[in-house]
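The same subunit A turns up in both complexes below, where it pairs with subunit B and then with subunit C.
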Partner chain A sequence: MTVNEHTQIPLSHGSACATCPAAHLQRVGIDTSNADYVVALAGNPNTGKSTVFNALTGLRQHTGNWPGKTVTRMEGMFRYGDKAYKLVDLPGTYSLLATSEDEEVARDFILFGQPHVTVVVVDATRLERNLNLALQVLEITDRAVVCLNLMDEARRHGLDIDHRRLARELGVPVVPTAARQGEGIMDLVATIADVAASRYARHPHRLLLKDPHLVRAVSDLASDLQKMYPGLPNARWVALRLMDNDPRMVEAVRSGELADLIAAQSGQMGGPGALELASA
Partner chain B sequence: MSQSAPGAPRTFPLSELKPGAGAVVARIEFEGLQRRRLLDLGIVPGTAIRAELDSPMGDPRAYLVRGALIALRNAQAARIVMTEETD
Partner chain C sequence: MSEQNPAVDDLLKRAQGYHEQIGDFNDALVEGLYEDAARIADHVVAQGTHARKTFDETLDRILTSRTWGFPIMIALLGLVLWVTITGANVPSGLLADLLLGVVYTWLHQLFAAISAPWWITGFLVDGVYMATAWVISVMLPPMAIFFPLFTLLEDFGYLPRVAFNLDRVFAKAGAHGKQALTMTMGFGCNAAGVIATRVIDSPRERLIAIITNNFSLCNGRWPTQILIATIFIGALVPPALSGTASMLAVLGVAVLGVTLSFGVSWGLSKTLLKGEASSFYLELPPYRPPRILQTLYTSVIDRTLIVLWRAVVMAAPAGAILWTLSNITVGDANIAAHVVNALDPIGWFIGLNGVILLAYVLAIPANEIVIPTVLMLTLMVGGTAAGQPGVMVEFDTARQTAEVLVGIGGWTLLTGINLMLFSLMHNPCSTTILTIYQETKSLKWTVVATVLPILMGIATTTAITWIARALRLV
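The block that comes next holds the complex of A and B.
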């Protein structure tokens, strides 16, 4: 696809000022090759994740299935500045640690697919409930942006959220949005670009292990894992899952499936070749 | 966090909470994925829970947990140990 074919969609709201960078956002639609950066979109169900996805990519999307799963996979592209971003919509989940197929898909992609940025969409009106997933994502990756969505509803409920303090405590950027109105989308895009290009110092909130025996056990296990599976992205996290007796991870390590996961997910990053397309 | 010291507050299973009444989670007597699932739903020690709705057969029941209604089977609720709300 050439640059000429890229559709440029004016934002429906709040882009009237001349200094707005809205003109620099181009929604590229369905072509998924030649992306400079891969961005994963995670979030609880009913947080407006799909609205954020549509606001970033426009209406044309690329729908398929995750390899070997019945879970729908949606992708789209957008262009910002001189870079192309591939956006991968992960299934809406409350957690990355239980065993549903949805959670497995989301977790495997964040861990092994190593997206350049993971955006966690949270419902500003149910922040406490939603931060569970955000904190779990931060355990796996430090390249994250929290999209504080449904700010319009939060305002209607009289909620005032100190998003700067939230960003300080989480150690990653927090962008308030009302995606239905297009509000905050340009800030979100600019922040994604900053994190993708490593222009943001990341100090993600992580579980603090205090017991010296536990710290020792985790680091021993992590270094063993690293030896067994070179290229394992976050050995500490896998070690913690093993110590929590997560049956899915235990099985993946025992059977050697972990090596396949590392290989499969990093292979998928390149382009649409690994996608199983829907017949439509 | 709950201690089982002498004079500790009375505990009872969540399944025995009267409709409309509230209590606080003392501990969860599950392990592994069932425990994980409950934690992900926001049911952790210290969480205030109110019994909200009964289904016609009385099982499952709906509980208000951190602003969301969550249905639990009595078999699950029986292993969530509650204590009376303090302060």
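The block that comes next holds the complex of A and C.
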């Protein structure tokens, strides 16, 4: 609970720091070498992910007002404070169940690419449908920021969205933005930096399992997974995927890919595992 | 890294056991997530008045109506083409004056002043420079007008409405409705259109979308269509109407391409790629006021200049090859003339000519260079002093191009029409072919996608030619 006091800081933090030059956002473009953190950008199609990507990196990746424009992974870079962030724009998808190639690209990157932060861009005017994907992302990773985009359109439609309550319900920071106008981008950057540096306690929304057999099976597998891969951030989700016979996940466990990833991550960052325990 | 691990095997076996014991729980999980999403959204969203929504709904009712949807689509495309054709004339002429007149003469004087050997001047100025300058003056103005207009429509949110309108037709053709989106992408660049087919889940429907993408005229081919239409179709009517006539001709070819997309999709889904169209979920995004300045910037810098650069990179070596071929004499003529003469009978049979066929071979890397290559070949092979300085100094507008093609190349209206059709139906450029192979990982489908349009093109122009000849129209 001590960590919680710490978490109240983030949201306003961007504007406060806008005056101190060291923390200024510096758009670096496509040179993605030497990044300190990797940030993934996920979201439904046509929520303005590419616009957020451009606003952060200073790139002018072509944006289009139609769903499915980004089918490949775009990468870019920005600096904030004394850290460099590599930003990966994932294809827009409605789910992460990996039924099509673009969904698989997005899911594999969030899981196996081990981004330090996953930003879920959601369309404020179609919140319910967009939350479906956000909740699926939160099942996989707790290092997430929800970017509540298209706030200008929501206002035009007369929608009133309580973003603080949304943040409480989701258990991750929520930043309202209107990326086309550049509104809220500095707050988003500051929040990304906070989550990347683990300055934010994470207890994301997780689905309540109802079937008692399923609950028992999951906790059995998850506890073993936790023992085999100390620091695995999403044992429950991995257990569920294994029980669902997800071929990609079975293969990742069998080949040792998962073990390598976990080892690589805890070696490189040190932090997350420890904080996980503190906030649990 | 890790060896076979008994603990891992045990874990996987137990997971499998649970799977059999509990059965499929995935639907229940997804349902649970959806319930939570609905509950959370209900907690945080308060709906006030919504004036804007009704505007979007009204616009959607018109743009996607069964009566008005198609006419509006065709009218908008026509408008974009008309603005492009009429708007590009003057700047094209100015650019040609500058690059092919002033700069060309100046370069010759410069090379003469430093007493460069004739073959250096020829290779660099008459070959490399000339091809590049031609590509720029033919391509830059139409692209700089066409791309921003198209992007504005895209930014406004019109493309998903196009997909919505075309969905019914694609479903009848046994193809995926999202093919409308990939087809529209193809109007910019077929390689991009092929990559965009990744949004289609079903492999069968995706293959259909890949194979038929080539029937979307790409930006390398729009200038060819526009120039040839201006010269041959626009000349048929009084000058005041020539812009409109050219626009209608190009529009006709573009609509024919879309029709071919439907037809070939239908044919494939009845033969090689049998199956039913799958349903999908298309979201109609809200209309957004386009950001004019940013659109101008992105479409001019990112699209126009990048595409132009690609054309220039391809044109420079093509110009060098052309000049070399037409300046090495074997027997009684230069190599280019030999090749053109050898291809001429085939060209005559299918209603084109040897110059066009050789140009299409040289233009496999980039369709953009077809017209400049045709012009250079016509001048270098067609009787006038090949490659001598000063030959092309007079060239400036579409009228002069017409004089070269008709006067020296012996083109007729039939040649013009056939070239427009062949430009629609021939092999994709090498970049697209490579992309098709990367996306399908199949030699067979790459070959089908490459050869099918050529066969269709040859069949079409041959049929038209022989019908025209039988009716004594030419």
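By our rule, the second predicted complex is superposed on the first by the 189 of 280 C-alpha atoms of A that agree within 3 Å, B and C clash if a C-alpha of one lies under 4 Å from a C-alpha of the other, contacts with A are read in each partner's own complex, and residues count from 1 in each chain.
Convention: contacts are C-beta pairs under 8 Å (C-beta built on N, C-alpha and C of every residue); 3 or more make two chains touch, one makes a residue touch a chain.
Since this is a predicted model, take the numbers as computed values, not measurements.
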Practice item. Mind working out whether A:197 is in touch with subunit B, subunit C, both or neither, as first, second, both or neither? Key: neither
Practice item. Determine, under the contact definition given at the top, whether A:128 touches first (subunit B), second (subunit C), both, or neither. Key: both
Check your understanding: Of the two partner chains, subunit B (first) and subunit C (second), which one does A:94 touch, if any: first, second, both, or neither?
Key -> both
Practice item. Once the structures are superposed on A, label A:247 by its partner contacts, choosing first (subunit B), second (subunit C), both or neither. Key: first
Study note, to complete from the structure: Chosen between subunit B and subunit C, the partner touching more subunit A residues is C
Point to revise | Which of subunit B and subunit C A:261 touches, first, second, both or neither | key: neither
Check your understanding: Across the two complexes, what residues of subunit A are contacted by subunit B and by subunit C?
Key -> 94-95, 97, 99, 128-129, 132, 245
Point to revise | Partner subunit A, residues of subunit C touching it in the complex | key: 1-2, 5, 7-8, 11-12, 14-16, 18-19, 21-22, 24-26, 28-30, 32-34, 36-38, 40-53, 151, 154-160, 163, 178, 181, 195-196, 198-201, 281-283, 285-286, 288, 291, 297-298, 301-303
Exercise for review: Could you pull out which subunit A residues touch subunit B in their complex?
Suggested key: 94-95, 97-99, 126, 128-129, 132, 245, 247
Check your understanding: Taking the complex as given, what residues does subunit A use to touch subunit C?
Key -> 45-46, 60, 62-69, 71-72, 91, 94-95, 97, 99-102, 125, 127-129, 131-132, 134-136, 139, 153, 156-163, 165-166, 169-170, 180, 205, 207-211, 213-214, 217, 220-221, 224-225, 228, 239-240, 242-245, 250, 253-256, 259-260
Practice item. Spell out the part of subunit B that touches subunit A in their complex, as residue ranges. Key: 32-33, 36-37, 40-42, 66-68
